[in-house]
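Should a chain be cited, it is by its letter among A, B, C and D, assigned in written order, with residues numbered from 1 in that chain.
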Amino acid sequence: AGFPGIGRDATPREVAAWDIDVRADFKGLPPGSGSVAKGQEVWEAKCASCHGVFGESNQVFNPLVGGTSADDVKTGRVASLARRDYPGRTTMMKVSQVSTLWDYINRAMPWTQPKSLTVEEVYATTAYLLNLADVVPSDFTLSDKNIGEVQQRLPNRNGMTRDHAMWPGSRTPVDVKATACMKNCAAEAVVTSALPDFARNAHGNLALQNRTVGAQRGIDTARGAAA
Amino acid sequence: AGFPGIGRDATPREVAAWDIDVRADFKGLPPGSGSVAKGQEVWEAKCASCHGVFGESNQVFNPLVGGTSADDVKTGRVASLARRDYPGRTTMMKVSQVSTLWDYINRAMPWTQPKSLTVEEVYATTAYLLNLADVVPSDFTLSDKNIGEVQQRLPNRNGMTRDHAMWPGSRTPVDVKATACMKNCAAEAVVTSALPDFARNAHGNLALQNRTVGAQRGIDTARGAAA
Amino acid sequence: SGMAVAGARAQVADGDPNILNLPTHSTGLGQPLAEGYGKPSQFEGNVQRRRSPGLTQTTQASVSFAPLQSMFGIVTPSGLHFERHHQGWWDVDPSKHRFMINGLVKSPKVFTMDELMRLPAVSRFHFIECGANTGMEWGNVAVPTCQYTHGMLSCSEFTGVPLVTLLEMAGADFSKGQFVLAEGADGSSMTRTIPMSMIRSGEVLVAYGQNGEMLRPENGYPLRLVVPGVQGVSWVKYLRRVEVGDQPYATKDETVHYVDLMPDGMHRQYTSIQECKSVVTTPSGGQMLLDRGFYSITGLAWSGRGKVRRVDVSVDGGRNWRAAKLETPVLSKCLTRFSCDWVWDGQPAIIQSRAVDETGYVQPNYRQLRAVRGKGSIYHNNAIQSWGVEANGEVKNVQVG
Amino acid sequence: SGMAVAGARAQVADGDPNILNLPTHSTGLGQPLAEGYGKPSQFEGNVQRRRSPGLTQTTQASVSFAPLQSMFGIVTPSGLHFERHHQGWWDVDPSKHRFMINGLVKSPKVFTMDELMRLPAVSRFHFIECGANTGMEWGNVAVPTCQYTHGMLSCSEFTGVPLVTLLEMAGADFSKGQFVLAEGADGSSMTRTIPMSMIRSGEVLVAYGQNGEMLRPENGYPLRLVVPGVQGVSWVKYLRRVEVGDQPYATKDETVHYVDLMPDGMHRQYTSIQECKSVVTTPSGGQMLLDRGFYSITGLAWSGRGKVRRVDVSVDGGRNWRAAKLETPVLSKCLTRFSCDWVWDGQPAIIQSRAVDETGYVQPNYRQLRAVRGKGSIYHNNAIQSWGVEANGEVKNVQVG
């Protein structure tokens, strides 16, 4: 079915202006390079105010760097992800593709001026972050030529799986299989978690977060717990 | 199925406070009376500012009185309703139940102070309107005793039918029967009515009454008709 | 050519500046969370309810029309739901609102909103149409756009308690009690008779919810009767009372108004059911086609007697018709969105739609409708609507014969 | 007793003053037509979208939650649709917005909004749920009400063009092109990979309409990808581009976020489908029952894999269950409203709901879910929600084991 009069061919310049994505196989990556040193310069000028000088800040967003080890660089699995006691998960702990960093910095950073960086600045800040995480040395220059090798040192490069039923088209069976028991089911109806009374009002007064008419009211949490 | 805890019996005073409707058979009509003369007094004080001294005004609402004749009082059918050249249709031309007037004045008039009239005032203003329409004489006093007789003089008392398919439960078949012809149907696709060009902008500029993006725009009717 | 408005296909030799020069929103930081209660885009300012000039003498006994020409699908956003008031609207305090049942019942009852909202509720999509919708067009073309011709029409998901449940709680006499009077709490205390047969089916709701939230004040907050398939005036707003009786009540709005004048001078009383009807909303009167080429003709169809079975579309003023595509779900006494492909060749055309409901009733054209009902009824004009497309792209409200 | 709030059943000996003394709105003239674009009652001021304090460091990369505890039926009023922004929201000028298709296509294409809105559109009801909905509750109870536990959930009638139609117009290579990248026009230029299989089914829409009007700015005006059954982040807002490719794109929000951490330290990537889930919205956490007696327990159920087949409700923390009533229509990848009668005897109770979808998948409890996925995932927590009713009528968010 044709739709006469609707849509037109995009011009090459139009496609170039918008087709900025960089894929895991580096399709879309523009040629170029940037050094860790240059990256530090750009970082301190354009990134550190939000992310901290070492990408450690939790002020504006979660820390970007931390939680990875030299051993992770070898195994490609971030060991602290398997620990239940590790405090937070940094970007560098999770990211499994170096292309992801490049693509995202290029499209979205800095936060208030996305898409303002030069190709060199994107390579350089990516290199700087990789250096902070000890993936590349301080004298490293990241480029389209060596980025494939850097990928092979990314701490969590082996930490992702698509082997699950929530990726459409996957043939993996559903992982959680419950049954719909109806009578005298094996439920221990013991409360294992609840908000402590002192946190009653932590989300504001719930009386003001419910309609003032209807089957129920909101609890007046400004009052403190009932006896 | 019971619903414990929900709803309660209404008290007699509560029912009395709200059960104000007066039916065609005068069920609900409170005992009392009011004269045309009293009606004129109340009318001029509380009604005439909107409806005109003779119920003729078209300023705030359509005229209440006019268009009925002594013959209509006899036949119970308002003859002018069958004329295509009669200018408007007044309340008195249409109303088929005197209870309707009583009930409506009692519940809704005067417009800015509904339910403020005494029983006598409602009888009286109803009497006054009936007198304006020559249904009752000037010295008449309308009451719960004689209202049934007045009903027998209402000009359009025989002018209503329930014999149609749009009253749910009626057994009358649908009156308009079209067929869904698909090809070469007997349509004379001749335009028989359209807005004159001078009225293009009578509803305001239609360009401002349509979304500014999408499959169409509104016509810029401020500009005058295209050549 | 007559194409006054340039189609937005601006394109320079090597590219559209809207693509080549990245917009501010691609290169900056956006707004913080809107939170609270959101509102439409600033660019949607033309999509508004409107009055028809001169139609009513006051703005409290009046109508504002929904902008059907700019709407999609079947749901009416509550901010654009048409209004019809008889004595103005109120924002009633729900904590003080009461609902009473009396008449032919074992014990008259009073309910608070709290209590009503504790009862089992249902949620159903239904259209509501004023009995006077399209009323200005009985005699001839009177208004320019489908906002004014058909805009006393809306469709929402209503939530409430079936009235039959409440009548049962009061011990209603369902054998003597063949009629119910519904009464509002506003100044007009609007009253309308509803036949018990409709209530017994469970369809009639004492509703508080509309599209997921409470009714809007102008639509009867906090309580409204929902009478599917029946004209809007019976959907009593600010509902305060229901009385069970053994005969209809002959109220003002069923004896003086909302009565349909026939050519012989007789009025049909208690006309309630909205018969099967449809209207093309795009393209429609007052619009302007920007260019030749492909268009999707779309519109709305509905029937007070059940589901829409079929909609046909004509672009030659009714000589030839094609079956339109119906959007699912097709629900009973609810709007149904239809659409039909069309390639406009730049020639004059007359666009129409014709709906057929599950009872087999076919929406009539003006000739068929007027042959029976004349031109003076005001109410229940469900004739096939015609939109004339001129060679310059302007679309106009026309009637054909 | 602990009944802090008196049920609104005020009654003096011979009658309620709210009945005996007619309210002002019964004895006066109301407001003139509201016209324009309406808004909710002043008494509905508590029904608002809200942030969860401390959840995000900025209000541009943040969330506001829909007040599910106060909503009815399945439609989310657009003013209460949850928000999730990654770099703030914008009110984009639709006349300047463009949509591009490139990649594995015969000829890359550009469309204006005017052109997209001329194409055949469909309108469909679908839920949208953020993949992080209920994410704060993986480890333990963290927030008090269902607004915060489940409020990154909304449901609308979306109108738009099936993406497959547009890909066909561009001559997409449907055999090599197994994946599509969708990209937004905002600062984050949000990107997500959509598998072609979903697109080919015709389900994925390039949408401009939401509940009868245009999308709201905070929900992607003027163009958003609708990916039924899939988490919200894939419903790219301010959609500017779709690229056809032969492999997934490993974007930031599918490599660093929206990846589900398993107990072994492995992340599941491209988790997209929202599995079957339900929540009781009334009564729910932070609410207070006013009195003993009858209540209708109601809530919402949904599945990213199709229709909800059944919902069961328990009031004893999962030992015994009863089948709830499902409101019709039950639509695919759409919210379904359920309800179940309950007479509260004043004793402590634990209320739960459990949904089953048409694939037979049963919503798990926390024990079952954590046994496989641990407590650290953040995303896709679809466990059975428990609300503890205390003897004083207070309802609290609890987890049971």
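Definition applied: a contact is a pair of C-beta atoms (placed from the backbone, for glycine too) under 8 Å apart; a residue touches a chain by one contact, two chains touch by 3 or more.
As the structure is a computational prediction, the values presented were derived from the model and not from experiment.
K.L.:
Counting C-beta pairs in contact, does A-C beat B-C or the other way around?
P.N.:
Most C-beta pairs in contact, of the two: B-C.
K.L.:
Just give me the whole-number Å value for how far the CA centre of chain A lies from that of chain B.
P.N.:
Centre separation, chain A to chain B: 66 Å.
K.L.:
For chain A versus chain C, what separation do you get between their C-alpha means, in angstrom?
P.N.:
The mean C-alpha positions of chain A and chain C differ by 47 Å.
K.L.:
With centres defined as the mean C-alpha position, give me the chain A-chain D separation in Å.
P.N.:
Using C-alpha averages as centres, the distance is 22 Å.
K.L.:
Please output the residue numbers of chain D that touch at least 2 other chains, ranges allowed.
P.N.:
8-9, 16, 19, 26-29, 43-44, 47-48, 50, 58, 60, 70, 87, 94-95, 100, 110, 113-115, 118-119, 187, 189, 214, 222, 240, 290, 293-296, 341
K.L.:
Send over the residues of chain A in touch with two or more other chains.
P.N.:
3, 5-6, 8, 10, 14, 18, 111, 114-115, 211-215
K.L.:
If every chain is a node and each touching pair gets an edge, what shape is that graph: line, ring, star, complete or other?
P.N.:
If you draw each chain as a dot and join those that touch, the picture is no line, ring, star or complete graph.
K.L.:
Determine which chains touch and list them pairwise.
P.N.:
A-C, A-D, B-C, B-D, C-D
K.L.:
Could you please specify the touching residues of chain C with respect to chain D in the complex?
P.N.:
7-9, 16, 18-19, 23, 25-44, 47-51, 58-60, 62-64, 70-81, 83, 85, 87-98, 100, 110, 112-115, 118-125, 156-159, 185-187, 189, 208-209, 211-214, 216-218, 221-222, 238, 240, 290, 293-296, 298, 325, 327-329, 331, 337, 339, 341
K.L.:
Which stretch or stretches of chain A touch chain C in the complex?
P.N.:
1-6, 8, 10-14, 17-18, 111-116, 211-215
K.L.:
Sort out for me which residues of chain C touch chain A in the complex.
P.N.:
Per the touch definition, chain C meets chain A at residues 9, 11, 14-16, 19-20, 22, 26-29, 94-95, 113-114, 117-118, 214, 222, 291-294, 341, 343.
K.L.:
Over in the complex, which chain B residues touch chain C? Could you list them?
P.N.:
So the residues of chain B touching chain C come out as 3, 5-10, 14-15, 18-21, 23-25, 27, 58-62, 77-84, 89, 91, 94-97, 99-100, 103-104, 107-108, 111, 114-115, 156, 159-169, 174-185, 187-195, 199-200, 202-204, 206, 208-221, 226.
K.L.:
Considering only the defined contacts, which chain C positions touch chain B in the complex?
P.N.:
Per the stated touch rule, the residues are 2, 4-5, 8, 43-44, 46-48, 50, 52-53, 57-58, 60-61, 67, 69-70, 86-87, 100-102, 107-111, 115, 118-119, 140-145, 147-148, 166, 169-170, 181, 183, 187-189, 191, 195, 197-198, 230, 240-241, 243, 245, 247-252, 255-256, 259-261, 263-273, 275, 282-283, 286-290, 295-296, 310, 312, 314, 316-322, 350, 354, 356, 361-365, 368-369, 371-376, 380, 388, 392, 394-401.
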